[in-house]
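First chain A sits with chain B, and in the next complex the same chain sits with chain C.
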Partner chain A sequence: MAETDRETSIQTRAVGDAAIIYASDYLNKLTGERIERECRRQFDSGRRTLIINFRDTELINSIGVSILVGLIDAAEQNTARLIFSDVNSNTANLFEMLGLTRHVSVAANEDEALSWVERDSAATA
Partner chain B sequence: MDTNTQRLIHTFSALADLGQEIADAGDFEDMLRNSFHLLLGSLAIRRGAVAEYDREAGQLRLVASRGLGESSTDTLPLSTEHARRLASSGSATSLADATNEAARFLEDHKKFFATVEIDLLLPLIVREQLIGVVLLGEKASGEKFTEEDLEVLSALSRHIGVGIHSHQLLEDVEQKAAENLRLYDGLRAIYKETVRAFAAAIDIKDRYTQGHSVRVGKYSEVIAREMGWPDEEVEGITIAGYLHDIGKLIVDLSVINSPDRFNAKDSAEMSRHPAAGYEILSPISHPYADIPLMARYHHERMDGKGYPDGLKGDQIPPGAKIVTLADSFDAMTTDRPYRKKLPLEDVFEDFRVNTGTQFDPEVVCAFCRAFLNEIEGKKERRLLNLLNRNYSNIEQLSPLLNEMLLEFNGGTMTATTTH
Partner chain C sequence: MIHPRILSSINQDEFFGRDAEARDILRQSSSAGDARGLVLMATPDAGASELLRQAYDQLFARRGDPVPIHFAFKRSDTTAANTARRFFQILLQQLVAYRRVNPSLCKTTLTFHDLLELALPSDYELINNLIEGFEREQGSERTLIDYCLSLPNRLHAEGRAIYPLIDCTRIGPFKEEVATGHQLVTELSRGGLQFVLAGLRRQTNDLIHGPDEGEWEANATLHIDSLSETSAQALLESLARRYGIDLNTPTRDLILQQLKCSPLFITEFMRAARGTEAKLTSFLACQRLYVDELLGGRIQRHFDRILQVIAPGAQIKRTLLRVLYESAMSETRKSSLWTWKKRLGVAAHEFEHVIEALHVYELVNSTAAFIEVNSESYVWMDYLRAHYRVEVSAEPRAKVVATTLLETLKRAPQTMTRKYRREAAVGLHSLLPQFNCQSVPASLFHYERFAAAYKGEDVTTIDEGLDAETELIQLPQVIQTSACASYSSTINCDHERCVVAHAFESAEYTDEDEVVWLAAEIDSKLAASRELTEEWCNRLAGFARESGFARYRIWLITPEGFSERAVELLNEREAFGSSRQQVQLLAARLSEDTEVVESKSDEYEMIIPMGVDTELIAASTVEKIARRVKFRPEAINQIKTAVIEACINAAEHSLSPDRKIYQRFVVEDDKLVVTVASRGVVPAQAPGQNGLSGDIDQNGGKTRRGWGLKLIRTLMDEVEFEHVDDGTQLRMTKYIR
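Showing the complex of A and B:
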């Protein structure tokens, strides 16, 4: 079941070992830091697979990009997997252009992302 | 949308956001952190730092960083000569292929840069002065920085440099203002000490009234404070009290120290001192207003029968009215060659009789209130401490003081703090 942190307005959902974090319509300093806090909280609690769902995201500014790059680093340091899903075409182009896609997998939607997680779990079991 | 257009839009929006960030900056550290994030995000750069150049300390101080890890340092030494050369180099420099002055700086700190994986340096230069540097690691794409990238980064860095420079200017101004304030306070303290010393010198001339000027200053201070004067003006009236008799310096010593009551000739000589005090004090730039006037008018009376100008009522400056009462009080509560000090009941009876003709009712009421407040323990004992060695049973004054307050204060019977 999805839960919303009222203080930070970040919607998250746990599915198995993964956590899905829903980004807002505009990813800037304010909303980016909320996602960053939530991701770090998930890493600290031992979660090693995070899916950031961009279904509502229309625009990402430079600080938003910088925060996502920081999360990629944090995921690498925590030997965690970061997956982006439901990215619209403009955002997908931006991630591709800036090289973020070298470091994260981009799934068409949540189901695809979860299927990747399930497949990896099965492979390592 | 093609990639180039999207890249252009992303870069322009970073530049616009950066301009906004610097223009709106309230907190300097926040501004720098956000600006640096914008710069990193413009090209998805994975790590880096902004360092401010501290000319006096001869070092770069890291003020914002990301991804440098625990091996990072807070400062990097940078000599004045190196800073000058970096400023003259002016452009972004890659650690890998640099041949200019910036490269030599990078070489000096090669070990640090290798540890934190920094390979690009952009000097922040404003008016040909090195303000700081931006240090950058690789892009998330893993590609080398292109000429176009360097142009973008240089443009963004210039904004950050201006932001740091503006902050430094503001800090300089604030430091200078604080320094001036300290100097001013110091000068004011010296002025006050000098005036006190001067007051003592004035009183030494009159062997019967030693300490008179300082006491008048203190009584005036208590009255003005009771009347709700602001601190600055209270300080001014205290100084005026110290200096009110400065004109006595030109009065014949034999008159001042005469053991008898003044005859007409002596009175005429003595009555020169307020105007003389004004002449002495007028050319001096006092940090407080109207000090010469308070010296000139401290023998004026409400009914116009005073001297030197025979001013009446509101024509007399409020400060002079306070000094007049303080002066009279001290005169009546100290021994004179021709009489002993008066009992306090007689002093206040004198005030009562002469309120409205000699003394201003508002000033008399303030003095009565201050006395009552001290007697009733509502305020620090300042008046009472000044009088204690000469008087006992001061508490017995309370009924008289209350009666005077009732008489002159339109029915206010008890002492209260009015302001």
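Showing the complex of A and C:
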């Protein structure tokens, strides 16, 4: 994991109505706020389904978690759907420990998350 | 619980390093049965007086029988009668103060009339009778002294339980001055009282037995020496905080080494620093203050006072300084009594006085034939050098100041090096006595065999191999160890690293079984060469000859073992050779409680700045350490996360002046202990501090912050969060499962 020169921009990808946002290797205050900013930008642009992909995330601290909690709140307020994907076992344990998993869907991987989105879209169509 | 000060000079929580002794004094007060005294044999300036005062304050606050009484002899007590009168007054005053539960009465000036007014009704008649007796005995000094000094026994006979704490450390150094102290001690020992007697260690025999070799034995003796380095460090740091003096770790250690952990000198030095508002953050600043103190401050006053007692008069003082200095500068620092007497040029009685006093104050060590200047104390030697030059050689003071400063500055790194070398030593003094006729694998004493069998193997394999070895060495029973340097001034070696051990090869105490082990830890970055090994073998063999050791065994220890040619030499000389690793393995086999410094080899420390992502450096470090001790990957991640949280907590919640996070990782047999500390204060209700918030569902919704400590507690097995003297500290333990 790079300890310096961490990317200053967030990698995102649009798939249909959903946006996939890729979290960095260390989710702390700085990188958490970048995700938060990106999510809010997506909400503001009308996107109602966001997937945060944690495939690169090795470590996460409590400030990062608190920002994720803020995003869960923001998603509720925007009547949007938030899905976490590709969470490794350590991070999953942390989320479980802090009770996040009761408030957000956690998909095994991006494909599973997208399949949930498709299924929901089909149900509402 | 911290008690208010009554007689003590410093607060109880700032009195360091004497907890065990204070407990013994308190315990003695209530020990029943064979009533006798507890004797504190103190080195000069070790703080025995303050220990007694602290004990008094604690006993006063404890409010149990018996009544504590504290009396200290003073140098200003000009006559025995004056001492006795003061004793009588103080004893009654402290009795009334205790019974009235009014500590302030201990220090107030009270007349006998006041004492009677203040006495409890139940004590009134007794005190009145005692005062009448006191006034009645004024006619004869001898009977007055007897009457006053028997007061504890009179009170005891009247059913008043008292516990005298008698401080004789300030008694004059001459035998005739000890007489009153001896009389008091004799009285106390006759009366069936428990009591405590503190005296300078070279004077306590005279205090107890007196000139007539009285029959009295203490039921316990405590030795009050200089503080341990840990306690001295705590004292120094506490004074620095109290006086607002900046120190850093190097200067702290230098001060402690230079002042030899003497509580008196540490306190005086820091008071001087407060007076000058000096910042003690560089060796130069420390040594400048030190030299000022030597040549015009508290340290000078301390030694001036002593020399004034020993040699009153300018001329005799100058002569004494000259003789002391010249003896100290001689190769052995030792001269015959005859030489001293001739050079001092004083009458026999006066000469005896001078030597007796120098010996009592431990400025010299005197025997029946020789006098050796005590060169162990830097402060004393520096004072002697500087004042000889000013007062005897009449060198310009400014020049002495400058050269003393230069010398002490040049000495500073060497002083620290000696400390580091001492701390890094394997601990031969504690290891050798553990031999105790035990049998151990021979390879532990033969480097070549050990290297051939175990080099590059892990500890478990080595242990198994050693367990399976059939060739064993039976170690001797070591009965006494000393530094080689204590035997000979010509063998140039460290005290801790070159040791002579007198032993018997078996438990048979016969001439045939008598052997001397000469063990030396020698420096060598690589495997020791033949030349180096030969040099040490020759040095120790010469030492053995010089010391008259008939049978001896040389054991050399090096960090990395020995070269092939060096091993050949060791075998030719029938000497043993071990690497440091072998010694550590040996120590582990001899005793689980070994004090060999091995325990520190698994301790890591690091300091990181509070900054962006610096906690990752700590996490990365702890990961590497945890991997070495084979934690499971999941546990490693938990430890990393906990360390990250602890660092964030320290950075976020401490108003740290240095913006640094101090970390220690200690690997023990079954666990990893991580300590994360920071200086500064924790603001009230800092979320990481209370650690109350935790789950996302608390407060009816999703809490946004304050999970740090909760997380740590969940991830680690044991967590302790505490305020320390200068900040906060989080101690986290993870067990290896």
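Just so we're on the same page, the second predicted complex is superposed on the first by the 117 of 125 C-alpha atoms of A that agree within 3 Å, B and C clash if a C-alpha of one lies under 4 Å from a C-alpha of the other, contacts with A are read in each partner's own complex, and residues count from 1 in each chain.
Convention: a residue touches a chain if its C-beta (ideal position, glycine included) is under 8 Å from a C-beta of that chain, and two chains touch if they have at least 3 such contacts.
Here the structure is a predicted model, which means the values were calculated and not measured.
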Overlay on chain A: chain C relative to chain B, clash or fit: clash
First (chain B), second (chain C), both or neither touched by A:30: second
Chain C versus chain B, contacts on chain A by residue: C
Which of chain B and chain C A:94 touches, first, second, both or neither: both
First, second, both or neither for A:62, with chain B first and chain C second: both
Touching partner for A:102 - first (chain B), second (chain C), both, neither: both
First, second, both or neither for A:73, with chain B first and chain C second: both
Overlapping segment of chain B (options 59-67, 77-85 or 131-139) - the one that collides with chain C in the superposed model: 131-139
Contact residues of chain A, present in both the chain B and the chain C interface: 61-63, 65-66, 69-70, 72-73, 90, 93-94, 97-100, 102-103
Contact footprint of chain A on chain C as seen in their complex: 612-613, 615-617, 619-620, 634, 637-638, 640-641, 644-645, 648, 694-697, 702-705, 707-708, 710-711, 714
Chain A-touching residues of chain B, taken from the complex the two chains share: 1, 3, 6-7, 10, 13-14, 17, 34, 37-47, 66-67, 139-143
Interfacial residue positions of chain A with respect to chain B in the complex: 29, 61-67, 69-70, 72-73, 90, 93-94, 97-100, 102-103
Contact footprint of chain C on chain A as seen in their complex: 1, 3-4, 6, 26, 28, 30, 59-63, 65-66, 69-70, 72-73, 89-90, 93-94, 97-100, 102-103
